[in-house]
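Note that the chains are named A, B, C and D in the order they appear, and that numbering of residues resets to 1 at the start of each chain.
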């Protein structure tokens, strides 16, 4: 594995828990790796299958979804829908030859600033081990067409 | 027949703490719990070693883990609180500090860390309390208690951070087990205070002073004996009573027993087989509380070196 | 893709936030980079974008450069999105032609390497610029606010909030779990630092609540269900039967006197078990309402059905006692809610080395509050359980506070109440008093002066966290006493202080059921379990759920002055909503494109608010946008892509993804 | 007369950092100096500093003072401080680290029996894989202060007559498996 490989993570954080946790990490000046970039959605339930596939197709090495803990969803049960969808997509990408570790779902509450550090750093480490996601043209094409 | 418990005696149980080993083996035999001594075990790398060379200390206990793993023991019983703590501390460090873990693994040749997770290091007190339980002990009791009131002294290391033998600030399991065999116990505020460990050998006065305090308070609470669960505690409390009398003029003599001796006796164990004759202090009380059987007399002679 | 005619004209504004951002992100470079992005007409960087001059920049540029999209790269949208949207509005642009990039909380503050932080900021700005081009003009919908308010919890916080609102002419439902209002404050004798008597300042407010025409007071009641949203909450309240009708009861209390239990046997909750009460009782003489309550656990009639029912006789033809009373459910409509559910004190049994529960003469501070209280179990006599007057008393600070093994936070009030108790105990008994502290914290009006006063009263202050409270004797003088072993860290040696009485200054912790309450009202808790405020400085009484406000110790430990201040603030926030008459809701709702919908009904089950219905004639689903909360779950679920969510359109998010991933 | 004034040049903050980075050393900087450790320590009353002040010395980087202290050698490692510490600082483990360093730097108090016992114990176990109490005590006494043997005679006899003092040299079969490398 090339040492200087810096994985790129697209992170979908829900507005009420995980995005706030990321803000809290900031106000607490917790330091973590800069490889993840956040797309804010109102609820992890909004994260569309297409978003994930699009991200991979466009060359993301990993996709991280952050939502409220089970039972804590600001919209009551959006995070459960997210969980169901997540399991589905994991299987889908595996069939396309993408390691399922590249897609990760985490429950991070507004209070868990440090959890953001732990999760992102850990995911970066995992991705560095897996190496860059160089899908074949054909996978990319398939991704694009589903996305 | 349940799978045998691995048994890690540690150096003391082959020397000053031999009565602990004798009573432990007898008790487990009476409870029909198979106990298999770890073959060619080595020193746990206890306190003194830790303070010279931590890595080697860990390597020492690593070897023991490897042996236990080879003998595929799920549980490894370490009666000496110091061994118990050091073995568990090694596991904890392997868990919490990957770097240390890697070093230890590397030093072990084959270098698999699995051996650390596979074995559960346990203290006899906790084994007897959770695997057997006061209820079962009571059921098997054959001898009524004829002795005096007992102060349960847990000592320090077995209830400290790396251990799970009992609650760290107010352990009660020994009291509960003794209550099961109707041995009356007294509340003992010093039950987790340190006996000074090896200090009695090095900074003698200090070490002895600690034990004086323990004995005095036990006596003040009306105890006529102290029950211990660690060879060092037993030794320190037992071996210096004459000296304490000389130094303070106070008569604080009392038998210092292993809780395994008390339980073993209640379950019908033989006096000699429980190592009662190895007591230094309170021999008179011991003679009264745990009377000799004719058979015992002979056995005892042989037991002497 | 959304249809666009003329290319958009975007202005990008990078904020330095002093050095908060500029310190780690190369803002100049970032601004220059932004200028090179497609459709960007203006790109500037400025010290403080949120300041007036900062906002003016945007407004001018909108005018001078005919900008129609704005991107601001600064702090978290949770902090200033509203600020900048307003700036657009004032500048004559639809406020939703705006997107905010968070390069402070999520870049400059969390990364150290300037190059990397700047690279990340660049990606995020690129993403925003691509996204904002697709933004549509949106209008905020208006929701009417129901004028009534629910206040949960009848401690000093709830009482003050309720009265403030009621006096302003709002109708308040005040729900209290206990049979009386008053909360913890009712148990105190005096209050620090002024030593004015708690009852004297609290009980008038309590009776004011009872008699106020605008307050519906439900004691011995609990909120069991909450539905709806800001302006329109439907709340269900369960009222436990007290078996005595509040309207018929005259408060003569003769029923209590006549109870067949001649002397009280039941441990008295209000006095922390330091006294006994009868099965029919009133928590304390000034309780509000002045109506007894029967505790079925201990009442003979309820246990055996074989009681002479002397209480019923005593009540006579008032017929206030109804032993057949059933729990009652109330359903109410309110527009806003104030949570004032308070705290509980730390359970001293969790620190066994302090001997609580083991040695009878180890007390918690709250127990001692009752002992020094003139209306307490001993009539204000500070005596030990065996009736002796203590000659020496040790007060142990920080029990269950500032301790990783229990609670890591400082409970804020213990230092002061310990000083207060020290003073009161000395006053009552003349005992010699030792305070054992780690740090004395007296940051409040008149607090430090009070500390001074105590020092001159010759109360001992020993700096050291007590190691143990024990009964083992090392010195003849310790016989029969409790010994406090501590390192006097200032004198530099270990001390053994024998005392007759130990007072544990137990800390404040969230109520055991805080998590359930939080779920019921759909708000968040902080790591320690107290309810989470929207912003620690700028929105201390708001929550992340509009229309739900916090007051008192349910948000964090605080003393009475702070609690009352916060309660007032919460009341004011509620009033601001009520008097506005309506709230504007975020327009990020979802809608079904009728052309595209295939009528598969997948979405119908998705919506937790039942906002989606199926129109059978046209065989298509429709969303009631008034009910939609804008989570977007249905959007993601729609197989035919017929559902769209304002502000989170698929294209917008696709563009964001593309922007982030350009040149990887 | 001993100088009580400390100059900042005597402090070694770098060392403080190193200690905090050792396993078990994390947390030294979160110390409140509350004294719970010294308060609960059964031996602090005999120590020159006590655990609290040792942590203070470590934090401020007063290396020599900490390493040459008696305190670290009087620690019987009962871990009472560790379980009482409100910051969950592994004080006992830090003490171990300091002991090891003191040995390496030869800063430990001379003729003080504790470090000597430790060294002898260590050497014996390196050789045999087990310790034999009798021989251990003997060597320790000879190296520190032979006269203490007289004091020990009574106890020795008691142990002997109760069969608790074996003169055998315990040794494991597979000594090759024992850690070799000597301390730096």
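Assume a contact is a pair of C-beta atoms (placed from the backbone, for glycine too) under 8 Å apart; a residue touches a chain by one contact, two chains touch by 3 or more.
On a predicted model such as this, the values are computed, not experimentally measured, just so you know.
Chemist: Of the pairs B-D and C-D, which shows more C-beta pairs in contact?
Modeler: Result of the comparison of B-D and C-D: B-D.
Chemist: So the centre of each chain is just the mean of its C-alpha atoms; given that, what is the distance between chain B and chain D in Å?
Modeler: Taking the mean C-alpha position of each chain, the two centres sit 23 Å apart.
Chemist: Between chain C and chain D, what's the gap in Å when you average each chain's C-alpha atoms?
Modeler: Each chain reduced to its C-alpha mean, chain C and chain D end up 49 Å apart.
Chemist: Just how far, in Å, is the C-alpha centre of chain B from the one of chain A?
Modeler: Computed from C-alpha means, the inter-chain centre distance equals 52 Å.
Chemist: In whole angstrom, how far does the Cα centroid of chain A sit from the Cα centroid of chain C?
Modeler: 31
Chemist: At which residue positions does chain B touch at least two other chains?
Modeler: 169
Chemist: Spell out, as numbers or ranges, the residues of chain A touching 2 or more other chains.
Modeler: Not one residue of chain A touches more than one other chain, so the list is empty.
Chemist: Scan chain C for residues touching two or more other chains and write them down.
Modeler: Chain C, residues with two or more chain partners: 353.
Chemist: Could you list each pair of chains that touch one another?
Modeler: A-C, B-C, B-D, C-D
Chemist: Spell out the residues on chain C that touch chain B in their complex, using ranges where they run on.
Modeler: Residues 351-353, 358, 470-474 of chain C touch chain B in their complex.
Chemist: What residues on chain C touch chain A, complex-wise?
Modeler: It is residues 76-78, 102, 104-107, 109-113, 116-117, 119-120, 123-124, 127, 519, 522, 524-527, 532, 544-545, 588, 606, 608, 629-633, 635-637, 645, 648, 650, 653-654, 656-658, 660-661, 664 of chain C that touch chain A.
Chemist: Show me the residue ranges of chain A that touch chain C in the complex, using the header's touch definition.
Modeler: Answer in residue numbers: 8, 10, 16-17, 19-20, 22-23, 25-27, 29-32, 34, 37-43, 45-51, 54-55, 58-60, 71-72, 74-78, 81, 85, 109-112, 117.
Chemist: Name, in rising order, each residue of chain D that touches chain C in their complex.
Modeler: 32-40, 44-45, 50, 52, 84, 86-88
Chemist: For the complex, which residues does chain B have touching chain C?
Modeler: Counting only chain B, the residues touching chain C are 167, 169-170, 189-190, 213, 217, 220.
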